[in-house]
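I have a structure here, written as structure tokens, and I will follow up with some questions on it.
Each chain carries a letter (A, B and C) given by its place in the written order, and its residues are counted from 1.
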Amino acid sequence: MEFTYSREQQMVKKMIKEFAETEIAPIAEELDAEAKYPYETVAKLGKLGVMGMPFPKEYGGAGTDYLTYIMAVEELSKVDASHGVIVQTHNALCCWPIFTYGTEEQKRKYLPDLLSGKKLGAFGLTEPNAGTDAAMQQTTAADGGDCWILNGSKVFISGGGIADVYVIMAMTDKSKGNKGISSFIVEKGTPGFSRGKKENKMGIRASIAAELVFEDCRIPKENLLGKEGKGFKTAMTSLDVGRLGIAAQALGIAQGAFDQTVEYMKQRKQFGRSLNKFQALAFEMANMKTRIDGARFLLYNACNMRDRGLPSTVEAAQAKLACSETASYVVDKAVQFHGGYGYIKDYPVERMYRDQKITEIYEGTSEVMKMVISGSIFK
Amino acid sequence: MANFAEYKDVWVFTEQRQGKLMNVARQLLGEGYRLSREISKDTRVCAVLAGDGVDHLVDELYAYGADVVYQIDHFLLKEYTTDAYAKAMTDAIRTYKPEIVLFGATFIGRDLAPRIAARLDTGLTADCTRLDINTANYVEYLKTYTTASTDGISGRNDDNGLKQTRPAFGGNLMATIVTPNTRPQMATVRPGVMDPREKKQGARGQLIRVCAQLSADDIHVEVVEVVKAAKELVSLTDADIICSGGRGLGSAEGFRLMEEFAAKVGGVVGASRAAVDSGWIDQSHQVGQTGTTVKPKIYFACGISGAIQHQAGMKGSDVIVAVNKDPQAPMMQIADYAICGDLKKVVPEIIAQWDAES
Amino acid sequence: MKIIVCVKQVPNTNEIKINPETGTLIRDGVESILNHDDANALEEALKIKDRDPKTEVIVLTMGPPQAREMLEECIAMGADEAVLLSDRALGGSDTWATSNALAAGIRKIGNYDLIFAGRQAIDGDTAQVGPQIAEKLGIPQITYVREFQMEGKRITVQRALEDGYQVLKTTMPCVLTCIKELNTPRYMSIRGILKGAAAEIKVWSAEDIGVNEELVGLKASPTNVYRSFTPKPKGKGVSVKGDTAKELAGNLLAELKEKHII
């Protein structure tokens, strides 16, 4: 398989690289240390059109293909994985389900502000007792006549409390399990909807994750997203799309840590020669590069299939599994090759090491990816 | 092709601002003097003095070596405008036909010279750092200071053309430029590079008053005002000189000395992470992996041991001067000039002697 | 109004490597970028367009066919149109010949109100092409522009000096060369990138702009490169000699002065 970047993709990569190195790199350490949400840089990304890349212009999107968007997430994550996931969650888990399952009115109402970055989006599925097993949803949505009444809570919600528009899964009929789940659009500021505990995370600390609490939260009838009882499908297809973004985030972390290590090895001298002159280390770098490039091919291939409208659930799972495990391997070596300096916060690899772990967990754990992939083998 | 025989003498545009001669004018007279003597014994170095009421500068020009002063005095030359100066200079060059015209590569010289060269349809070389007439000297220079081959350059001085050497690509590459087919040969010359002659009080030369044919209609840009501004505090990234201090300063007090140092040399204060973490100076001054990456012309590292994450931010400096008690400190190993000593004694001496004439 | 911005594609000098044997640039693998000062020039033109969307911003460059990429990026930043002067006959032009070509290109575009250019390119560092274009077009120039204001056809600028600035007024058309203090160039936008990737870049030959070998190219250029070479690599550092602090400082400064470092 030969891959060539289109002119469009080259320019997107260049633009995001310049932006990330100029605007994000200088503040990344501070954002991480203080778990501070980067409002300013996210607003700038919105103005540049990054918050609505793979959506049609008629709703205020930029109209790129999905692959080009994925490259933007990858470039951002090379410098700071928090920015990667912020863009990713907004695009794949909020804009995408509204665009795909929303009514024309819903699209007209929400997409222009979301795609221009004026408003931020989030997605609420996970609950204390419903992670991978989504059918264990405790949050309910009761028909209140002219409204839906939501009760329950969601946890680990990326952008929780920060986002303006939320796609929320809730049970409309508990007896039906997965088929009793529906999805809703909930706006920040709706009475009865509040942010609970803010999580103190290991990594991607600039991307805020928080608990969402619904206490008799009444939302308009027309905020049901898709058909009643189809929420599980909405969630699963959104996560399918989201997986590509998480894979891109993981790949970006891997590439960023690799690049940092290359520079470090050229500068750092031990026993009178620079580290890159030690063959044992150089060979390991060869392994890292090969695995990164291999993971990239899987990811780009999965995106390409999605852009062509082909079924790509398995390919997306493979891409996420390969990218996140590659990232795990690469950040481990990157810190190791930095020696003591890799363990202190002067060098970004320390942060990348912590940021990486989540890519094996969220939007489907590696185990879930293996379920999807193995299921396709033994069907 | 110009009739080369008609073109004689070396001209120096002796830039003045508000009636004061620029330093570069003295330096160029020194260089012009040297070049004129290399060309032939009857070649003269001539100052071209343009302005309004600048009689008082003529003697100074003689004192710095001018054989001739062309004085172009006109009320429309009071403030520098491209239009008026370009017209006055072009007319004078057309009338008197100098062989070489040198300008200081100042913000004004680099505005004026290209306009004149374009009008005269002759060559101009920007921001030169070395000028040669004598080919043997030039070959010697190439052999001593560069990696260039001297094959094919005759050692005999049979070519009286001006060899104009200048840096390009941020100093990574040098080029020597010639102007073979047109005259005059024009160059702007970087300030601070050429040496002035020793001042000879009472030296005399020939004064030629040039009448400029200027009218207000010639000038299309109006000077509303000229504002003198104290040099704005530049950022670490843009600084030409950085005076950086580390753990060796011992205390926040130590940074007072660095501030004084920076003020004297027109530089900016930098710091190592150790100094910042000790709370002696604000983080915005930090140079290195987590701080700013800098590329000044001179980086003074005072009491900085030079850990790898500091080096990562300053290794690209043109010249590194290290002052440290420990000769084995990594910074002393990468420095171009290493001073083994107590910075609290050495730095005040550098400050004291900075302005001294060498 | 119509603004022409003169730009140049340059190698990123931070990454430049020189072959020490031949004294020539190793261009392989070196990234090409829009010259920094030129990005400031384009930004100033785009700021005018932000205020008045009817403004037409045209970028113009002279260079090899691959300079098209930089022009696409200028469109991605917000320029409306791009023109590339590209022809073997233009190769080897010095600043005089380059300004002849660019002035001819500008005349062909025609009806311009303002011409912005960067002060200088980071590869050649001459700062000569801007003023020489102005001379060839017979219009005023203001170099080292650090602040720009416009009212109708009147413009007021601050022109930087070493020790302050001049406040200058002139009328359109004129040439302004820009420095980095003027503004912060914008990034390409995603929509702009889609426009840039699809843009049709006009490519004009020497014949198209009506210049011949007496005005452009290596032979027409009044200056020639006689030799190009690299300075000898920096040797190992020296330990400054001296018994007292005074001597150490004195010897250091003497050395720095002799090498023209200060």
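Observations on the structure shown:
One rule holds for everything that comes next: contacts are C-beta pairs under 8 Å (C-beta built on N, C-alpha and C of every residue); 3 or more make two chains touch, one makes a residue touch a chain.
Here the structure is a predicted model, which is why all the values come from computation and not from measurement.
Across A-C and A-B, it is A-C that has more C-beta pairs touching.
Centrality by Cα centroid goes to chain C. For the pair chain B and chain C, the distance between C-alpha centroids works out to 21 Å.
Taking each chain's centre as the average of its CA atoms, chain A and chain C sit 40 Å apart. In this assembly, the C-alpha centroid of chain A lies 53 Å from the C-alpha centroid of chain B. On the side of chain A, the complex with chain C involves touching residues 6-8, 11-12, 14-15, 18-19, 47-50, 53, 57, 62-64, 72.
Taken in their complex, chain C has these residues touching chain B: 11, 13, 16, 18, 20-21, 23, 25, 94-96, 99, 122-132, 134-136, 139-144, 156, 159-171, 174, 221-232, 234, 237-240, 242, 245-246, 248-250, 252-258, 260-262. Across the interface of their complex, chain C is touched by residues 79-80, 82-83, 86, 106-108, 110-111, 113-115, 117-119, 121-127, 129, 142, 145-148, 153, 163, 167-182, 192-193, 220-229, 231, 265, 297-298, 318-321, 327, 333-342, 345-346, 348-350, 352-354, 356, 358 of chain B. Per the touch definition, chain B reaches chain A in the complex via residues 273, 288-290, 308-309, 311-312, 315.
Chain contact summary for the complex, chain A toward chain B: residues 29, 267-268, 341, 345-347.
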